[in-house]
Amino acid sequence: MLNLKIVKEKMNEFPSYLKSWVKTFTGSLTIFCLLILFVMPFLSANQSFTHVFLRQFSLAMIFAIFAASWDLLTGISGQISFGHAIFFGISGYICAYLIKYQSFPIWISIIISTVVAVFFGLAIGFPLLRLKGPYLALGTLAMSLILLKLFLMGSLADWLFGSEGISALPGLAATPVIEYFILFIFMILTFVILIQISKSKFGTILKSIRDDEVGSDASGINTTKYKIYAFMLSSFFAGLAGGFYALYIGAVNPTGNFGTVLSFFAILMASLGGLATISGAALGAFFFIFLEYALIEIGVVEIGNLAIDFGLYKFAIFAVILIVIIRFAEHGILKPLLERLKDLWDLLLGR
Amino acid sequence: MIVDIMNMLFNGTLTGAVYALIAMGYSLVYGVGGIMNLSHGAYFMLTGYLLLWMLQTPFFIGLEWLTVVFALIIITVIGGLTFLLLVKPLQDSHVAVVIVTFGLAFLLEQVVLISPSGTEVWSIGQLRLFQGYTMVFGYPIVHQYVFLIVMSIVIVLLFALFINKSKLGKSIRAVSQDREAAGLMGINASRILLYTVMISALLAGLAAFLYLPGASLDGPSMGWGYLLNSFAVVILGGMGSLIGSVAGAFIVGYTISFTNVFVPYGPSWAHLVPIIIIIVILLIRPQGLFGKKELR
Amino acid sequence: MLEIKKIYHYYGKAKALEEISLKIEEKALDAVIGPNGAGKSTLLRVISGLEEPDRGKIEFLGERIDKLKAHKITKKGISHCPERRRLFFDMSVADNLKMGAYPVKNKEVYKAMKNFVYELFPRLNERRKQRAGTLSGGEQQMLAIARALMSKPKLLLLDEPSLGLAPKIKKRIFDVIEKIKQEGTTTLLVEQDAVLAMDIAENIHLLEEGKIEMRGTKKELEKEPRIKQVYLGI
């Protein structure tokens, strides 16, 4: 039951809450970053700038939503998913199919595809949530590998557009700048919602399930119900990101939208930022896209007789980064780095 | 009809024999240490490529059999290093262990992919011990595969003997039953786990050596498929149960080959077999056919 | 032989042991008594290395052992027969004994120890091929003690050997413990059943809420009114 009175009170408190939040270190830093992101398209009229850099930032925003959805499920609720590409890919395919073959408007397609992703979250979550911890990881990985195979090979694949997928989709918006702002708004919305959820009572319950499932069960929490909610919520945002991604690329194909690589990306980005922080996912996504871009730009480097193509080695490098982070810095690197900065900030202000 | 039945039986046995080897080690590592090693499929894949790379090296011309020895040693060492460098320091966190071994599997795949032989289909047929085939009821029985099935059975039996009779095997069982009590006996559980992971990598390597010369190297991502099917096998047989993994391997093998041969659009549906098995078993008997404990 | 100096141990923030000091002489049989949850088992776990003490020192034969892992401590000659037996239930009686003798490299010693424990517990010899999980409670306790003896320990730690056993079987187990002592194995016994423990032990330590509250011989402690009332029920 929704208690309107409480909602009203919260609404009234909101401006003052926002004011005090802006004054905090994280608040001012977030506002600062968002301002930069906001003014960036206006900084240069240069065509190639908008095309190359804005597009990279747009990609980072899509992945930020995707990584945050993974962090909600794995970081906050402790349900390890190695198959997040399922929701991402399904949504992308549905979206592409509706636009291309049913001539649906873009936004309707995105809404439908996101809803379908949620249904997939439910359908997959229901049997797989009997699995715990590492089993769930493997179970979700299995699901995504099988979907990949179904789309890629065999006679069913012909029905599912084969390894070519669906291409020549219209863009999300007429220009990269508009696309950028649409994604910018959706990213902010996603993070506001996910962070509020993680701080809410619902989020607290999810964390308690993560930390002690048996204990939560014993204290009367219907853990299965909450885990399914987490699955659906997570697949909602993963689906949203997947729909955007399909339109961003302008095409869908099995490896590009269902590949293990995509689940791997989400894990890497969220781990880079710091697990269970939600906002870390955004930091990780931007860092990741920057790094990928840099590696491709660096390209071939010759060290003595050895020619190393960083663009070609990027996935291997990402894998090493993931291994090193998990092995030596389980709390990620970006979020702790910010905490250090905050300490410095407090010191400077003499707090 | 009889050809189809022969096809189903032979391929089912073949698949079962391969997965018995792969899944046995995978299950053992989980049973003994609670370690879910997602790089297990990558060991199988990497062994194939190690063999290929060595066979391509002029040094090994005329010494083809040495490549097998080297490849098996290397994969065993990689298994050991996986445990020492990545798994052991993170053992307290299941999440960390799966993520880090997932990362390793991904890394091994990428390393093979960027190697010169990464993107083509290769054969390591030089290592076939037996050539040719015999027609039985109109179905060609490939000799190399018969050899594989026999060897797989021998290895499984030797392994069972080792686990049940040798002192190391008994210590492995002791650690898997009660790690703390095993420590009180003076058994160094960490070292036992190290051996277990090495043995499991060796078994995956052996499977690759027996199977791949008769088949082909389909690309570095093939490791995931083997991991996935092994997972179905151990879920079916019961995590940590050796009899379970062997029985599970053959059941999965026959199910896949049956689907392939007798179901319309079989090869497509065959991909779904593992996940269907996983889900059905989880819904009706979560501890697997031979497992004692519920899944943790 | 064993000297514990001001040991502290915490589970998270909960204090389990507080400033415990204890000295066990060679060939002695000491007992720690006290109510449930007093920290008796924790004390043994700290000695055998299953838990690392948060503060304090433990010396065994003049050597510090408090930082060593359990398997290393076992090899130094301390054998811990844990609470609730902790047998390898899927293995045979003989294999359990074999695991107990894990540190023993010499075959002759192994055979001698096997004969020794089978003599001590003839029942185990009859059931040596049976799975440990199928034994009765008393037999399981015998096997647990026998398994702990197989490494030919210099110091034997026994945790609640009477737990869940019928009085008659309890008595038999305690007879064996006395016999083991007479054979020259130093023993530290942790026991809730104070009457039984005080009957066989030379020195008795009373552990309450993580602290040693009292210690002395049976005669000395029997005079204490609190012991009489709470533990002996006189």
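Which chain is which? They are A, B and C, in the order written, and residues in each are numbered from 1.
We adopt the following convention: contacts are C-beta pairs under 8 Å (C-beta built on N, C-alpha and C of every residue); 3 or more make two chains touch, one makes a residue touch a chain.
Worth saying up front: this structure is predicted, and the values here are computed from it rather than measured.
Relative to the whole-protein C-alpha centroid, the nearest chain centroid is that of B.
The count of contacting C-beta pairs peaks for the chain pair A-B. Rounded to whole angstrom units, the spacing between the C-alpha centres of chain A and chain C is 55. Computed from the mean C-alpha positions, the centre of chain A lies at a distance of 33 Å from the centre of chain B. The geometric centre of chain B is 43 Å away from that of chain C, both derived from CA atoms.
Contact residues on chain C toward chain B in their complex (touch as defined above): 48-50, 69-71, 74-75, 79-80, 82, 86-91, 95, 98-100, 102-103, 147-148, 151.
Listed in rising order, the residues of chain B touching chain A in the complex are 36, 38, 85-86, 89-90, 93-100, 102-104, 106-107, 110-111, 113-114, 221, 224-225, 227-228, 231-232, 235, 265, 267-269, 271-272, 274-275, 278-279, 282-283, 286, 295-296. Partner chain C is touched in their complex by these residues of chain B: 167, 170-171, 173-174, 177-178, 180-189.
Across the complex, chain B is touched by residues 74, 78, 80, 82, 127-128, 130-135, 137-139, 141-143, 145-146, 149-150, 153-157, 260, 264, 267, 271, 312-313, 315-316, 319-320, 322-323, 326-327, 330 of chain A.
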